[in-house]
Amino acid sequence: MKINIKGNVMEFMRFDSDYMEGAHPSILARISETNFEKNTGYGLDRYSESAKEKIRAACGVPGADVYFLVGGTQTNSTAISALLSPAEGVIAAETGHISVHEAGAIEAGGHKVLTLPQSFGKILPAVLRDYLKKFYADGTRNHMVQPGMVYISHPTEYGTLYSASELQELRDICRKYEIALYLDGARLGYGLMADGTDVTLPLIAGCCDAFYIGGTKVGALFGEALVIPRPEKVKHLFTVIKQHGALLAKGWLLGLQFDTLFTDRLYFKISANAVRTAKKLEEGFKLHGYKIFIGTDTNQKFIILENEKMRELAKMVSFSVWEQFDDKHTVVRFATSWATTDEEVARLLEII
Amino acid sequence: MKINIKGNVMEFMRFDSDYMEGAHPSILARISETNFEKNTGYGLDRYSESAKEKIRAACGVPGADVYFLVGGTQTNSTAISALLSPAEGVIAAETGHISVHEAGAIEAGGHKVLTLPQSFGKILPAVLRDYLKKFYADGTRNHMVQPGMVYISHPTEYGTLYSASELQELRDICRKYEIALYLDGARLGYGLMADGTDVTLPLIAGCCDAFYIGGTKVGALFGEALVIPRPEKVKHLFTVIKQHGALLAKGWLLGLQFDTLFTDRLYFKISANAVRTAKKLEEGFKLHGYKIFIGTDTNQKFIILENEKMRELAKMVSFSVWEQFDDKHTVVRFATSWATTDEEVARLLEII
Amino acid sequence: MKINIKGNVMEFMRFDSDYMEGAHPSILARISETNFEKNTGYGLDRYSESAKEKIRAACGVPGADVYFLVGGTQTNSTAISALLSPAEGVIAAETGHISVHEAGAIEAGGHKVLTLPQSFGKILPAVLRDYLKKFYADGTRNHMVQPGMVYISHPTEYGTLYSASELQELRDICRKYEIALYLDGARLGYGLMADGTDVTLPLIAGCCDAFYIGGTKVGALFGEALVIPRPEKVKHLFTVIKQHGALLAKGWLLGLQFDTLFTDRLYFKISANAVRTAKKLEEGFKLHGYKIFIGTDTNQKFIILENEKMRELAKMVSFSVWEQFDDKHTVVRFATSWATTDEEVARLLEII
Amino acid sequence: MKINIKGNVMEFMRFDSDYMEGAHPSILARISETNFEKNTGYGLDRYSESAKEKIRAACGVPGADVYFLVGGTQTNSTAISALLSPAEGVIAAETGHISVHEAGAIEAGGHKVLTLPQSFGKILPAVLRDYLKKFYADGTRNHMVQPGMVYISHPTEYGTLYSASELQELRDICRKYEIALYLDGARLGYGLMADGTDVTLPLIAGCCDAFYIGGTKVGALFGEALVIPRPEKVKHLFTVIKQHGALLAKGWLLGLQFDTLFTDRLYFKISANAVRTAKKLEEGFKLHGYKIFIGTDTNQKFIILENEKMRELAKMVSFSVWEQFDDKHTVVRFATSWATTDEEVARLLEII
């Protein structure tokens, strides 16, 4: 979209989110190549099988169950339903995606989201430990929803990351209380490729009872890979997926995409691009004297803008308005993606 | 896939279903062309808007709400939940897709499927009228699930079609009892292009409170267009769709597909191809002396095979085993699609 | 209620159901005696504890969990929810109470009722075996609700009874397929005291994964005792009961009632009264030349009445109209209860 | 229960809650008197009809629907389900009974509880107004649960009361946003008879779309009267009640109780007793130098006890431990009831 700013005709720029482009070209190529093949439906095709094997290998869990679903809310509500018993709820940060922006999908499935105070989007192990300790000391706890699972997002909705030791601590607390640990990896690639992180897919597979590797925001047209490292306990998951309307008829489209993403480390390489361009973007803002709201190592950068400046910028570039900072300033989010180019970032930094 | 039958190397043929290929090439082309555009998510993009306008025009209901969802089970469970109140259930043929093959999605949403005897997949108006008359005469009816909606599929799971007057009769019964009429159009194109049908999109829009135009089985990669002709009564449908995990982040992918299908009548043209090739196939079977189980005018043909013959054929071609006919015969289904070629049908007829 | 039939003033008689009177006087007495005691709520009182012990002893399962709930629909929906996983449904006879007259309570909890053809209210073992065999042979079964439990009522809605060997056969089938067996004992006392039955509480406890001993229809003001013979597998049942609104605040009222019913075999003695008076009633009808629709050994008797006779009788006595027999006859049900007197039956037999 | 404190044999006293006794003797008398009458079930009897009429008159809403249910959690989850559409949730104080102590009953019915900060158990109109204003200004609100109802308890869980003008203000806000107002009156009698309140039944009926008059805690054995002042909008409520397992078979037991309570203002008279004895109790504590945590005008009194004193008292009297006040003090609750005697209060004040 062309815009005209005081006589300068320029392209309007968009940094509002990481799901604004289609898919990595090699994915589109494979979808085109195989278009007139006749494939078995519902994920029972050879591409899905191949993709599952590659994901099991990347996670170091040869016995894992892997299912491909279409989107994040769908994956969360399906997995959480499958893993909880009727009296149980799921613990989440009050800013967690399931707590706020999934339109009550978890509750529609019959389960309460038990919210905990968050720390830049994270549930700190100490906060979880304290909550569970108090819960089990409460004489009225049998009249309350039972904690059955902990939901975390990694990266979080604030672009922050857990460390390996934090994940292990959360796992230890969950095991002590015999509750499941579930990780929402809508943007997992961007977390795995962040500078300085010590979290890997095998570590996640070792800590979590279920997690998903996000495709929609990381190079796929759509799709999320749900991984159940130790599947013995989960009953009839294929049917639960179907019941949630989450079983794609042309399942090979998901298989093809994840097979491509997990060939030659494509998933990791394109994730690294988002992290790199986001870092450049952040450094540029800093250089121009802008204040950073939360320092993150992933593809989401939270900048504090003067309100007047924000309105001016909004004519040339889109971003997400996050929250009020003070009377005169607002926190906004700029997100890069697997497809963001250096040139786009350079053009953005010119106009700020 | 090549197979070797007694020295003849030939391509294995597949007629098991109509969702075995990808998408019409013009759809793939548009997805590729627009791949690096940055689009607004969740169906709020210009392609979705354009597609909605074209569908409203094709249905003759300018005030309709149109939403694009990903798959059939998802669309059914979302629409049915949105339209029913808690004590209400949905009436369906005992062979209806929601009665059998949606893994209890309707019940998972809290509503009973009230099954009626079917006639080749259809609910006959007389059967519905009789059921409702008996229900309202039953002194214990307040202890029973209240009929709140009638679900029909068109074409049905048996490839059969309602006539315009049957649809109007169902509508009249529903209006008398103040219950909704919902039409599952997973294969709607194949019904609209059937020989001799008098059912059109405007007629459907005039009779039904909600229906969907199937894309997954009719030329799209995936996608169904849910149409609510008179949307005043349905609360918060966007949010209900999100709650059901049925809101695609990259909604423009759905918009692009339906915009393409409803440009230059592509949806109707490619549907006609399936109907035409299916007719050829059926005629070929008849010519070779095979018995037809149910005569249909759509893309699904139900043939009675001797069991021995069936096993032999299965080495060279795939089809769906439908039901036992008698001790020695089985009913099988051959389905063509928008992508079936005359050559494929000719090859099939050679081997039978 | 006095009525005047051709100058004769007489008491109108009621045989429509077995829940029309209050409670056995010894229950009312104990409720009065303890009225100003201050008891702990929610079933954690000493009367409930005592009643549980007596029920465990009567069933021969010292390790069983026993909970007291208020009514039958509530108990069914709570127990079934607690025992099923999300993709599972419950198999029931098409005439089962949960299939017809519980207003979709099971579906409201997310689970489908999978109906089987019935034989005078019963699921015959052969019918169940055949259904399960076909289900597991069906290639599309993963798209269908998984059978997770068999629901039977004993006595059934038709007053009929399973034999011990039928119950054992059902149990064996359930165990083979690893699904639960649940028995709805709303009228259990009347079954246990039927002439010629070989079914006992310990036999039921040995066959079923859960069952309830009905109080509402058998001498209590209200209340059902849910028994889980092997409780290890059921998570958080107390909380599930609370979640279903089925946890009575003044739980001791339930404890007191069941403690009374299971002291000195009161439950069995008063049940025997209903069976005995019903037998007398049936014999009287036979003697007067009436035809019996289904022969039962319990407190429900199904008589075929000429329509004209039915209308005439209805002026003097109430009964339940069950179903049309033919153009000129109707099946009606007369039910006796723990409170029915010989005098009432004698008066009924006078007027027929 | 007798206890021996340093050689003094005394009766152990209980002030933990208001549901520890049975029922007002005149209720027990009527249940006994009518025990062998044969009544129609499910609330269709003459006692229920009479009680409904008396309640309609007391509330000043002749057109209201009145239903009798068994308990509070049951009534809340049934009414809330019946009034909300699928995408809607219910706003409640974070201390509301449905938020904490109903085991996720609302979520099990598919709806989120949207918690707001509380002020001694109340939702202040300003807090509600602010929340709704922000919600409707939020660009992502379509991805969030829609506020469909406000739940308040009166008296609250902290024994506090809304004023008439606060209720009217809440009503005005709800009407502006077209959401329902629901009042949980588990202890309503104690609120209506509080000193200085200006809230009456007709005022509540004029402000609320649904509310219930609590019986379980106010003189009945069990039972709550759900009132829907303008019933036109609520579909199939009888069936929804049955679906929730909340339809008592022997519904006349509820009718009899409420008929008794609403004859000669018994409900109000016995409520006044609880308020009066509670006031005496509070004054006694004050006189002995104890600090009051929250001043209330109802039957729940919140006292701050030194921890050592609390442990000592607990040997002689039971109360509810509410929350920690500081390292050395705890907040405890003493509750009186319709049955509390002056003598009990006097004995309590002797030992403190």
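A, B, C and D label the chains in the order they appear, each numbered from 1.
In this section, a contact is a pair of C-beta atoms (placed from the backbone, for glycine too) under 8 Å apart; a residue touches a chain by one contact, two chains touch by 3 or more.
All values reported here derive from a predicted model rather than from experimental measurement.
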Comparing A-C with C-D, the one with more C-beta contacts is C-D
Determine whether chain A and chain B, two copies of the same sequence, contact each other through the same residue numbers or different ones, counting it as same when over half of the numbers at the interface appear on both sides. same
Using mean C-alpha positions as chain centres, tell me how far chain B is from chain C in Å, no decimals. 43
Using mean CA coordinates as chain centres, what's the gap between chain C and chain D in Å? 33
Report the inter-chain centroid distance for chain A and chain C in whole angstrom, where each centroid is the mean of the CA atoms. 50
Show the residues in chain D shared as contacts by 2 or more other chains, in ascending order. 86-87, 102-104, 108-110, 142-145, 239-240, 242-243
Can you tell me which positions in chain B touch chain A when the two form their complex? 14, 17, 19-23, 25, 28, 31-32, 34-41, 70-78, 102-105, 108-109, 216-217, 221-222, 239-240, 242-250, 253, 339
Please give the residue numbers of chain B that touch chain D in the complex, ascending. 42, 81-82, 85-88, 109-110, 142-146, 235-236, 238-240, 242-243
Contact footprint of chain D on chain A as seen in their complex: 86-87, 89, 100-104, 106-113, 139-140, 142-145, 321
